[in-house]
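Next come two complexes built around subunit A: one with subunit B, the other with subunit C.
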Partner chain A sequence: MAVATEAKAVSPRRRESLAGAKVREALVGYAFVAIPMGFFLLFFIFPVGYAIYISFFDWGLLGKIEYLGLQNYKDLIHDKAFWTWPPHIHAASENSAFWNTAYYTAVVVPTQMALGLALALAVNAKIRGRTFFRAAYYFPSLTSSAAITAVAIYILNSGGVLNAILSKIEGHTVRTPWFGESGTALESIMGLNVWTTSGTMMLFYLATLQSIPTDVYEAAAIDGASRWRIFSKITFPLLKPGHFFVAVLSVIGCLKIFDQAFIVSAGKGGPAYSTETAVLYLYQTAIFDQYWGYAAAIGVVLFAIIFLITLVQRLLFGKAEIGY
Partner chain B sequence: MKRTIRGRKRVTLVFAALILVVGVIAGGTAAKTSGTHAAKSQQVTTITLAHWNSSAVELASLRKTLAAFEKGHPAIKVKEISLDPYPEGMLARFAARKPPDIFYVDSNPFPDWQKQGVLEPLNARIVKSHFALKPFYGRLLAAFRDKKGTIYGFPKDWSPLAMEVNPAMLRAAGVTTIPTTWSQLATALQKLKSAGQPPACLDISLDRMLAFWYQNGGGFLNATKTAAIVDSAANNGAVTRYFSWLKSGLAQTKQQLGAGWCGEALGKKLASIIFEGNWVYSYMKETFPQVGFAVRPMVKNARTGNLGFTVSYSIAKDSKHKSQAFTLLTYLTGPKGMRVWTKNVGYLPSRKDVTPPPGRATFLREAPWARAWQFAPGFSKVTDTANSELQAAFEGKETVAKALDTIQDAATKALRRGR
Partner chain C sequence: MGAQPEAVARPERRLAETPWRKAGAAGGRLVLYGLLVVVALFYLLPFFWGVSTSFKTLPESVQGFDLIPNHPTLDGYRTAFTTGPFARYAMNSAIFAVSTTLTNLFLCTLGGYAFARLRFPLREPLFLLVLATLMIPDQMRLVPMFQILADFPLFHWNLIATYQGYILIHLIYATNLFLMRQYFLTIPKDYEEAAKLDSAGFFKTYWKVMLPLAGPAIAAITILSFQGTWNDFYWQLILLQDDSKFTLNVGIAQFTTSGGYGHDWPPLMAVSTIAIAPVALIYLVFQRYFIAGVTTAGVKG
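Moving on, here comes the complex of A and B:
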């Protein structure tokens, strides 16, 4: 605004040069943006576009490349290893990566959100040493998931610490190979992931919690509202932006589940297909089986699914903005 | 006016900086290329050898062997690179058309790599160099031939499976005669169990169970590798028997024992009997030198049956130094190099004219009936399916017959696609 008023007062020549300066300033700005933008285009937008492109081909790293049209997508619909109808979770022969991922997401997202919220409420309370608790709960999120999984393999081993503790509690020897049986392998990864990522969820919830104005609580206190009523009628609804953000983040994270499944099963998705997730199946199709076009098609479908779910969530949560 | 000049200056400065950055990067690349040119102008050729290494002993032995080669061939220098994970690392290098000149090829993915055309056929060079093939064990060399008989590599060593036992445990249970048949094995394991001694370690994995299928008169593919023969009664019987040992507690899986593999279970005294290959020797010597063990012949049932695991040295089709690579290849798989290699690493030689390390006679006696761990192109996925199906059947989620049917289907599909 100040520039405009200043421009009015000066001569037309001066105004012209000012416009020129603006253009130049913009140019400088773009020049600075150009470098990261170049990386973004080269390493993000281009590969995404290229993946969509090769999903229409029979694309091997070596040998012939053949145009297939939509054949990869048609094959995917009938690929029992990727998905089946009706759904098979923990089924024997139908190793459907899609349903494993869906099952994983359905369990992990609510657990993660509830735990994250509970932790956030706990460390938001005015208690002694809450900074310590905040740091302590967030700590697992800082550790690399590969390292945590590697350690968990020892802890959940049939002769591991967890079984030793369970043996003490139950009074008889427990020797469950948690990652070695299809009935517990994926569930163990679920537990592991809920634990490691709930700290991050706590952090997001905490940030939203602290943005809720205190006068709302004061008014409620004056009205004599109970603690539960304050939580259910004020805190929880006012956390809407937090819910949206955490839910989207958690769902996307769950649908992409790969590293733990990969490490636990040495890339094979075992035992008995139980840790075969959608992204792991994609990886196997590309790297082990060398069907790059088909793997790209899986990636595109996965992208579409995540995109759709995010849209639906956005609709469900409204615009995720709240007026106080 | 001053302002605009300064603005222009600023823009020029930014672009100058950009040009500088680009220039430095380009200069760096130029320096690199000139570096390789300088190396080429000398008489010494450097070739690259890619391998995986399963132990420190293996790496040290390989380096010793290569040093011995370089001593006798001053014009060739060998750069050795270790890849982990190996097949993925190699495929990336093949795809980039910059593969190592000479490298390990496992007999199992060999059909895939041969089909993809990344391996150099060796027949013309064999004829020209008069490199004798006769000293190689025929079955091992055959693992690196295609259907037309073209050779794509020479086996560097090999190993069948055998039965490794903890003699102290057997003695403690009063097992005096070493079991040689399935029923004797079950009896011995029963005695061990009653005496409170550890069970056998059995792996639910095709690369162990297939040996038992062979022993029961079953198999995976027919002799010409054109059809799957997985859903046979013989295989069903073998799997059922194998599972019965596990279910009755005579044996346990490595997961149940809490070991990474059955060799570890033997070393940690969690298992009394295991079925593994010659690699157990160096592992036990390195990791569990105080635990005693003995190697006994593989058990048999209706007939003898065993698996043979072998790895070749092969040359890349895209190699730029094929003749030097072939010189190294014939050294490593020739009598001289193989002697240095097997003496140091303790593996079994793939040539009859190289004396095996002492104490390996039991393994060598398995040679006549050991069949190569090898199927057809596209079978890595089939073996994964097989392992998952066998696990599902073991957990009681489906019948053995259903599991074998699914494996049969997967194998048939892979054969059809590979044709």
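Moving on, here comes the complex of A and C:
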């Protein structure tokens, strides 16, 4: 009733009020997103430009000291602590942040993906207690990296549980300080992180697995295809979006490796720079050495590398998709 | 000629295979179970060991590795939390986690509602900008963020090692804003139409109509925000360079590094247990929201 009278009353005024309502809606909209947009502009978008700007300077804690142009980047190319050419991995005194990170990534990404997929396939099977198994495998993924590294230090120390078990198996006393030797420190961090993050990869694979329509499997089962055939010819290819997503996530996560390397080496990247990672090097340059301009340049290079790898992966997986 | 014999052969083969297959399936199932259990032990045992050690005496912690302490004691907890500074660190962790959870809850639901429902120019580009921030690595932000907080633009505040500074840069997690917007988009518009006829304002519609309908998404972002801040190590380490502001995570790093490798295990494991416990408990109770949140946030993230 009220609506009818309003419509009859004055149509020009109503049109005006409609326009007014639109403006009001827009203003309210801006008001509601004002704080988030201000936040993202100041703390995310602006810092990208600011980082690039700072990277052109010799910059101290309190601001710019001297304009250097591209000097920071040139220095980085010749910085043996950051990277060396030809690459050295595990040549004690030749460990460099870049190659340590590359080596770490090259080992962890495939291991993590394979384990994540295997776990996803296992807990996707129709079995009793799969909710429990799923929860158990995901559990390390959700805990504090500092706390879990402390637990790992306890288990892997020279008098720890792992060595006790190894001693029993080998029949003589084993006292390897896993995080304390340059030949095993980085590998121990690899193991630690494969363990703590494979559950996350499992979840993403599981989400993709469950999006595959079941009639595809039914058709294959009627044809009498073997399990391996079903997996290799149907499941694996259909998981392609999952592969891409997990690969990107895993690579980016690996390139950012920091917390564990910092904690096991007291921030020093030792022993013999074996746990020196790119981000740890960036941290040391900024916080310990106060070379903020140089640290900014390292940050920009890292961003460029991460961005490029994401692009290449997208291209590779995109092409494979066309092939099918 | 090719098709005919096969059609005949098929049922025969099936008959021959069925008992085999059944036995094979049962055996396979058993093997699968065995594997799943072993792997589960592998994933969980380290935690049991850690928790168990937190209740041991120092001598026992380095001698045997029994899962049940022979002489259970709270000495480890006392050393860390009563004599040591960890009560304060735990308090700081809680202050940061709770306050950033509250700011995320308010700002992400309000912003998510606006991005999902209100029409205003540039809405889509602005939202894309929010998503684009997910591609900016925290590592690149280390230097500029430190500089911004050391001398805050216009006001010249020094916010390093302050509660405000840390909370300020964690007001909003982009994934939470994304999650809320996606959820609001799935709510049928009829509900708001009813509110409009009542001539309720936009804020009232958000508060009285939309929020009560968004329970699962709100649960998910509550959990994700709390977990994100509670588990953060990177920004806590960089910004909270004053031991009155240390959190559990920074304290743990300090603890493990200060004494080299001769460690006092029971208190270290006590602190680690407390650092893991809140998120673990939330996970046990709200597993459903947890997993839904992680996969939705990640799919776009």
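In this section, the second predicted complex is superposed on the first by the 289 of 324 C-alpha atoms of A that agree within 3 Å, B and C clash if a C-alpha of one lies under 4 Å from a C-alpha of the other, contacts with A are read in each partner's own complex, and residues count from 1 in each chain.
The rule is short, and it goes like this: a contact is a pair of C-beta atoms (placed from the backbone, for glycine too) under 8 Å apart; a residue touches a chain by one contact, two chains touch by 3 or more.
Predicted model, so just to flag it, every value in this text is computed and none were measured.
Undergrad: Is A:F258 in contact with subunit B, with subunit C, with both, or with neither (first, second, both, neither)?
TA: In the superposed model, A:F258 contacts subunit C only, not subunit B.
Undergrad: State whether A:L61 touches subunit B only (first), subunit C only (second), both chains, or neither.
TA: Touch status of A:L61: both partners.
Undergrad: With both complexes superposed on chain A, which partner does A:N157 reach: first (subunit B), second (subunit C), both or neither?
TA: After superposing on A, A:N157 lies in contact with both subunit B and subunit C.
Undergrad: More residues of subunit A in touch with subunit C or with subunit B?
TA: More residues of subunit A are touched by C.
Undergrad: Touch test for A:I287: subunit B only (first), subunit C only (second), both, or neither?
TA: Both subunit B and subunit C are touched by A:I287.
Undergrad: Please indicate which partner A:Y138 is in contact with in the superposed arrangement: first for subunit B, second for subunit C, both, or neither.
TA: Touch partner of A:Y138: subunit C, not subunit B.
Undergrad: Output check: A:G180 vs subunit B and subunit C. Expected answer is one of first, second, both, neither. What do you get?
TA: Both partners, subunit B and subunit C.
Undergrad: By the touch definition at the top of the document, which applies to A:S232: first (subunit B), second (subunit C), both, or neither?
TA: Neither partner.
Undergrad: Once chain A of both complexes is superposed, is A:G29 in touch with subunit B (first), subunit C (second), both, or neither?
TA: In the superposition, A:G29 touches subunit C alone.
Undergrad: Could you say whether A:L42 touches subunit B, subunit C, both of them, or neither, answering first, second, both or neither?
TA: second
Undergrad: Hey, what residues of subunit A end up touching subunit B and subunit C alike?
TA: 25, 27-28, 32, 61-63, 157-159, 177, 180, 287
Undergrad: Please give the residue numbers of subunit B that touch subunit A in the complex, ascending.
TA: 1, 3-4, 7-8, 10-11, 14-15, 18, 87-88, 91-92, 94-95, 112, 116-118, 253, 255-258, 270, 378, 380-381, 384, 387-389, 391-393, 395, 397-398, 402-403, 406
Undergrad: Which of the residues in subunit A come into contact with subunit C in the complex?
TA: 22, 25-30, 32-33, 35-37, 39-40, 42-48, 50-51, 54, 59, 61-63, 119, 122-123, 125, 127, 132-133, 135-140, 142-155, 157-159, 161, 164, 177, 180, 195, 199-200, 203-204, 207, 224, 245, 249, 252, 256, 258-259, 262-264, 266-267, 278-279, 282-283, 286-287, 292, 295-296, 299-300, 302-303, 306-307, 310
Undergrad: For subunit A, which residues count as touching subunit B in their complex?
TA: 17, 20-21, 24-25, 27-28, 31-32, 60-63, 90-93, 95, 157-160, 175, 177, 179-183, 268-273, 284, 287-290
Undergrad: Can you name the residues of subunit C that touch subunit A in the complex?
TA: Within the complex, subunit C contacts subunit A at residues 14, 29, 32-33, 35-36, 39-40, 42-44, 46-47, 49-50, 53, 62, 65, 107-108, 110-111, 113-115, 118-121, 123, 126, 129-130, 133, 135-148, 150-151, 153, 169, 171-172, 174, 177, 201-203, 206, 227, 230-231, 233-234, 237-238, 248-250, 252-253, 255-257, 261, 263, 265, 268-269, 271-273, 275-276, 279-280, 283, 287, 290-291, 294-295, 298-299.
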